[in-house]
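Listed next: structures, encoded as C-alpha cells.
You will see subunit A twice below: alongside subunit B first, and alongside subunit C after that.
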Partner chain A sequence: MFEARLVQSSILKKVLEAIKDLLNEATFDCSDSGIQLQAMDNSHVSLVSMNLRSDGFDKYRCDRNISMGMNLGSMTKILKCAANEDVVTMKAQDNADTVTFVFESPNQEKVSDYEMKLMNLDQEHLGIPETEYACVVRLPAGEFARICRDLSQFGESVVISCTKEGVKFSSAGDIGSANIKLAQTSNVDKEELAVTVEMQEPVTLTFASRYLNSFTKATSLSNVVQLSMSPDVPLVVEYRIGEIGHIRYYLAPKIEDEDNN
Partner chain B sequence: MGILGLSKLIADIAPTAIKESEIKHYFAIDASMSLYQFLIAVRSEGAQLTSVDGETTSHLMGTFYRTIRLVENGIKPVYVFDGKPPEMKSGELSKRAERREEAQKALVKAEEAGDAEQVDKFSRRLVKVTKQHANECKQLLSLMGIPYIEAPCEAEAQCAAMVKSGKVYATATEDMDALTFGSSVLLRHMTFSEARKMPIQEFHLTKILENLELSHNEFIDLCILLGCDYCDSIKGIGPKRAIDLIKQHRNLETVLKNIDKNKYSVAEDWMYTEARQLFLEPQVTDPEKIEIKWTEPDEEGLVKYLCGDKAFNEDRVRSGAKKLAKARTGATQGRLDSFFKVLPCPSNISNKRRGKNWSKEESKGWRWKISKTKMSINIFISILILTILHIL
Partner chain C sequence: MDVQSVKLYLQNIEEYVMDEDKIVTYKWLSKNLGIHVNTAKQLLYTFATEQKINVNLTYLVGGVLCDGTGCKVQIVREEDLEKAKAEFKALTSEHVYSVQKAKILPDLGVLYAVDCHKRDENEDGKRLSAITCSHSVLRPQEEIGRLRLKARAATSTRDAKRWPTGHAPSKKTAEAHSNSEVASTDGSKGKNGTKKKELNTGIAAMFAAQTCKTKQGGPNEKPKAAENSSDKPKTSSGITMFFNRQTEKPIKPSVSAPKDSPSSGLSPKDSHGNEVDASCASEKLKEKQEGNSNKKGKVSSNVKNSSIKNTEQKWGGGKGKRVNTDEKLLPAKKRKRIVVVSDSEDSSDDDVFGRDGGDAPDMPPLPEVAPHHESDTDDVIPPTPEAELKRGRKRVRKMKDKTYVDEDGYILTCKEYVFESCTDSEVEQEKENEKKLSKGNCEQFETKKSESVKPVSKEPPAKKKASPQKTKQATLMNFFKKSI
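Entry: the complex of A and B
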C-alpha cells in the first residue's frame, strides 16, 4: 500500500509543470524515504532528477517499494482538475496497475478521486556520482529564466563562463551577439535576491539554450536557482521544492570538435 | 534485401530492444537512406529530376540536401558503398532481375492502358542504381567534404565491422542484416524525409540477443532460417516456427535432423553453412586501417559541379555549403550517456549504489580516431549505406 498526502496540490502541479516539457512519461519510484524520479529526455542530452522526501508530506506511507510509470500528459490533465488549495492524496495498492489521486477541498465539502492507468516503462537509472563542482552560482530563479529567454533569441547555444568576479552568459547568432554579466552581490540583505559565486577554478561551458529554457519551467517552485559547473562535465541546475525536496536538471555540454582544436 | 520478417519478430519478442525517438530530439535525422531511395522518392510530378541533357539528378539532390540536414543536426555521416556482391547472392540477384522484368512488362501494359497510377508504380520499381550514379555521388561527397568508404563486398558487413570496432556509433540502414553481421546498434528510418515524421528506430543487438535468449551464432542461424539474401529458406517455416526451432535445437544442423522432412522440403544442396560463414566472417576492410576524415566543403567546386549542367539553384547550393562549413566549426551536443553510467539494477533506487565511474577521459567528446574501449562514446556518426546493389 502506498499513500502520500500533500496539503498543497499546487506543489505537485508545479513539479509536473517543471518536468513535462522534457519528458513525456516517467517512473515515480516510491520508497519509505520518499518519491524519486529520474529520467532522461528522448535525446539523452538532459536528465531530470526529482526528489520529494517522505517527511515533507502530511501523511506518508509506503509498505513496499513501488515504481509507477505515468504518462505525464495524462497526469497533467488530472491535476488540472484540482484547485490550488485542494489537499491531494496519491494512492496505489502494491503491484497495482493504477494510481488514484484524491482531491479534497479545504472545507471538506467536495472530494473527488481520479484513477489513472499506469504504464510499464523501460527505465534506465543512471549513476550520478557525487561531485565537487568547480563553480557554484546562486541567483534569483526569475533572473535566470529571463536570461535564458533573452539569450535564446540570439542563438542556439549559450556560453556560461564563471570567474570570481561573477558569471557571464553569452550567445551569438545571425542577428548579432548578446552578453549578460552578473556581478556578485556585495551586501546580502535578501538572500533570494542575491547572486553568489563559489569558485575553485574558472569554468566556461557551452549549452543548448533550448534545454535551459525547459529547465526554467521550474521557476515557480523556488526563488533561487543554483548552477553547478565543472570543466567537461554536465551542468546541474537545481531548484528547491519548498521544504520537501528538490528538482535537479543535468545538461550535457556542447563539445568542440577535436579536429578544430 | 536483408532478413525476412526479422524486424517484426524482434518487435514481437524483444520489444525493449527497439527504441523509438522523435526526429527533432534524437539524432535528429531523417534523410533518404540510399541513392536507390532517392531515385525512387525524389521526384517531381512523377518523373525523376534530370539535368539539361536528360541525365537523372535525383540521387545528387537527395544526397546533397539530406546530408546537410544530418550534419546540421550534429551527425557526422560516413557513406559506405557496396563493392561486388558475394557469389552466394547471385540467386537472390537473379530473382530480383526476374521481378524487374515482370515490372517492365507491367509498365508497358499500364502505359498502353493509360493508367497513370500504375505507370508511376511500376516505373518506380524499375529504378536501378548504376555505377555512374554511385560515382557521381562519390564525387559530390568529396566536394562536400564528407568521408565515404568503398566496401570490398557488402556494405552492411563493412558498417557492422566499423561499429564493432568503435569507429562509428551506429549503422543506419533499412537492411536488417546489418544486425546479423554483428552491428551493435542499428538505426532505421534515419534517412527518411522529414515530411514523413517517422520516428527513428534504434535496435540494440545485445538487448535483442538477451531477450531472444540466443547467442550471436544462434541468432545468425535464426536469420538464415528466416530467409536471407544468400540462400533459400525452408518452405513452410515462418518466423514463429523459426524461433521455436532455434530455441529448441540451438543450431541449424540439429534443426535439420529433427524436422519432419515430409512436411518441410529442404533443398538438397542447402547452402546454410556457407551463408553462416559469410555472416561470421564477411569480406571487409580492416576498420582500423580506415581513416575517416571530415574536410572543409569546397563551395566553388560544388557550385561548378551542381549548378552547371545539373541545373541546381546556385543560391541554394551556396547556402548549403555554408551550412556544412558552419556545422563543421560548431560544437557538437554531448550526450549524458557518455558522462553517467547506466546502473545495472534498474529497480534500485537507493543512493548507496550510485555509479562511481565518472571518467574525465571520456568526457572529452567524440573523435574520429577512437579506440576500441571507447565504443559507446558520444560519436554522432552514423553510416548511411548506399545499397547500390539492391537491385543490380
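Entry: the complex of A and C
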C-alpha cells in the first residue's frame, strides 16, 4: 500500500509542469524515503532527477517499494482537475496497475478521485556520481529563464563561461551575437536576488539552448536556481521544491566536433 | 489470354500501383504492357475487385443524358459513380478508367498527364485500340504529294477570304477534327461500316460527309442520329456556320495564296500532316461540286460537339487552359493534328463505345458515311478538339549525363532525366517539374528552357551556418553509466 498526502497540490502541478516538456512518461519510484523520479529525454541528452522526501508530505506511507510508470500527459490532465488549494493524495495498492489521485477541497466539501492506469516502462537508471563541481552559480530563477529565452533567439547553442567576476552567457547565430554578463552581487540583502559564484577554476561550456529553455519550466518551483559546472561534464541545473525536495536537470555539453563540420 | 499471363499482368499492375505508386489508367496499361485496351480494362477491373480496400478508382461513364442535352462521356471518382450514372438516360459505356493508391485524387486532370507521355512515345498505339479498320493505311508518298498541292491551293484561297489573321485556319481545322470524331463514334456505334471509310480518308472525309449528308442521311444516319437530332439543335455553334458557308462558296483552286504556302511548306516530311492538308483540299473540292446539302447530318455532329465539350469541362481547368494556349499557336500546328486524330480515336472513341466489342465492323464506302453537317443556326462554339490539346504537351524525356565541378573542386557526374517540352508554356513545365520533385524522386528534371544544371546537394555550407560553433551535442550516456 502506498499513500502520500500533500497539502499543496500546486506543488505537484508545478513539478509536472517542470518535467512534462522533456518527458512523455516517467517512472515514479516510491520508497520509504520518498518519491524519486529519474528519466532521460528521448534523445538522451538531458536527464531529470526529482526527489520528494517523505517527510515533506503531510502523510506518507509506503509499505513496500513500488515503481509506478505514468504517462505524464495523462497525469497532467488529472492534476488539472485539482484546484491549487486542494489537498492531493496519491494512492496505490502494492501490485496494482492503477494509481488513484484524490483531491479534497480545503473545507472537505468536495472530494474527487481519479484513477489512472499505470504503464510498464523500461527502467533506465543512470548512476550519477557525486561530483565536486568546479563552478557553482546561484542566480534568481526568473533571471535565468529570461536569459535562456533571450539567447535562444540568436542560436541553438548557449555558451556559459564562469570566471571569478561572474558568469557570462553568450550565443551567436544568423542575426548576430548576444552576450549577457552577470556579476556577483556584492552585498547580499535578499538571498533570492543574489548572484553568487563559487569557483575553483574557470569553466566554459556550450549547451543546447532548447534544453535550457525546457529546464526553466521549473522556475515556478523556486526563486533560485543553481548551476553546477565542471569541464567536460554535464551541467546540473537544480531547483528546490519547497521544503520537500528538489529537481535536478543534467545536460550534456556540446563538444568540439573533430570534423569541423 | 491464359490464366498465367493474367496473373502476371495483375502482378504488374500491383507493382505499378502499390510499389511505384503510379496512377494506372487503362490506356497507359495497354500501351505499357502491349495489350489490347479491352484486356487492359478487364485487368484493371479484376485488380480493383481484388484490392478493393487498398486502391482508389476512377470510372469512365458515357451515354445519353437524361435532360436531353446530348451525350456525355465523363470520368468520375468511384464515390461519385452512382451520382454520375444517374444523369444518364442510357449508359453506353462504363468501365474502370484508372486505379491508384492515393485515396483522394485531388484533380482528375492528373489522369491526363499520366497518358500524355505514352502517347507521344508510342504513336502506333492504334494497334491496341478497340476500334480497328483494315482500310486505314498510309497513303503512298506520291498521292500525298499530289493531294498536298491541291490542299495548299484550296486552303490558301479560303483562308485569304475568310480569315485575314494567321491563326484562323487552325481553328477551322480544329472544328473539322471535332466533327470527325463525332462521325467516328457514331459510326462505330450505329453502323460500323461508316467508320472505316472515314479513317481511310481522314479529314477530307469529314468535309465530304458534310456535303453529302443529305444524300445519304436517311439510311445511314441510324436511329441514334435521329434520336440525337431532336436533342441537338441548341448546341450547334457559330463556327459551324463557317463550314456551311464554305460549302456554299465555290473554291478557286487556281488562286494561289502566297501567304499560306509557306506555312504548309513547313512540314514537308510529315506524312501525316500532308495527308491532312491534302484531304482537306480534296474534301473542299467535293464540297464545291455537291454544293450545300443535308441538314440531317448536322444533328449528329452537334451531338458530338456537345458531348466533347461536356467531357472536357469535367476534366477541369487544366485542360481548358491548354486549349487556349493551343489556339494561339501558329498555323504550323496543322501537321501534328492528324497524329492526334488517330490517337483520339484510339482513346476517346474507345472509351465511349468500348463495350461494343473489339471486332472491326464492315464499313460502307466513304461517301455514304457523311454523317455530319453544320447547321446555320448553331450558336455554340465547339470546344477545341482533344487532338490539339494533346499536341500542346509533346515532351521528350531523356536520360542525360551532367558533369559539373563541385564547390570543393570535385567533378561530379549525375544522370538526370531531362524533360523537354516542345510547346508547353513555362508554367506548365514548372508545374510538371514540381510534381516530379515532390514525388521524392531523386531524378532531376530540367525544362528545356532552364538548361542550368542543379547540383545534387549543397549541404556543407548550410551545415556550417547552422552550427557556427562547430560543436556536437554529446549524450548523457557518455558521462553516466547505467546503474543496475
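Here is the rule we go by: the second predicted complex is superposed on the first by the 257 of 261 C-alpha atoms of A that agree within 3 Å, B and C clash if a C-alpha of one lies under 4 Å from a C-alpha of the other, contacts with A are read in each partner's own complex, and residues count from 1 in each chain.
Operating definition for what follows: a contact is a pair of C-beta atoms (placed from the backbone, for glycine too) under 8 Å apart; a residue touches a chain by one contact, two chains touch by 3 or more.
Keep in mind it's a predicted model, so treat the numbers as computed, not measured.
For the composite obtained by overlaying on subunit A, subunit B and subunit C cannot both be accommodated without a clash.
By the touch criterion defined above, A:T206 lies against subunit B and subunit C together after alignment on the C-alpha atoms of chain A. Of the two partner chains, subunit B and subunit C are each touched by A:P234.
In the superposed pair of complexes, A:S43 makes contact with subunit B and with subunit C alike.
Looking at the shared chain after the overlay, A:S112 reaches neither subunit B nor subunit C. By the touch criterion defined above, A:E130 reaches subunit B but does not reach subunit C. Within the superposed three-chain model, A:G155 lies in touch with subunit C and out of touch with subunit B [touch as defined at top]. Once the two complexes are laid over each other on the shared chain, residue contacts for A:G173 go to subunit C alone; subunit B is not touched. Once the two complexes are overlaid on the shared chain, A:T98 sits clear of subunit B and of subunit C alike. Subunit B is struck by only one stretch of subunit C after the chain A overlay, and of the options 57-65, 291-299 or 399-407 that stretch is 399-407.
Of the residues of subunit A, those at positions 40, 43-47, 124-129, 157, 206, 208, 233-234, 250, 252-257, 260 touch subunit B in one of the two structures and subunit C in the other.
The residues of subunit B lying in touch with subunit A in their complex are 16, 19, 21-22, 25-28, 294, 328-329, 331-343, 345-350, 353-358, 360, 363-368, 378.
Within the complex formed with subunit A, the residues of subunit C that make contact are 460, 463-483.
Residue ranges on subunit A touching subunit B, taken from their complex, read 29, 31, 36, 40-47, 65, 67, 122-131, 157, 206, 208, 232-234, 250, 252-260. Listed in rising order, the residues of subunit A touching subunit C in the complex are 40, 43-47, 124-129, 155-157, 159, 172-174, 206, 208, 233-234, 250, 252-257, 260-261.
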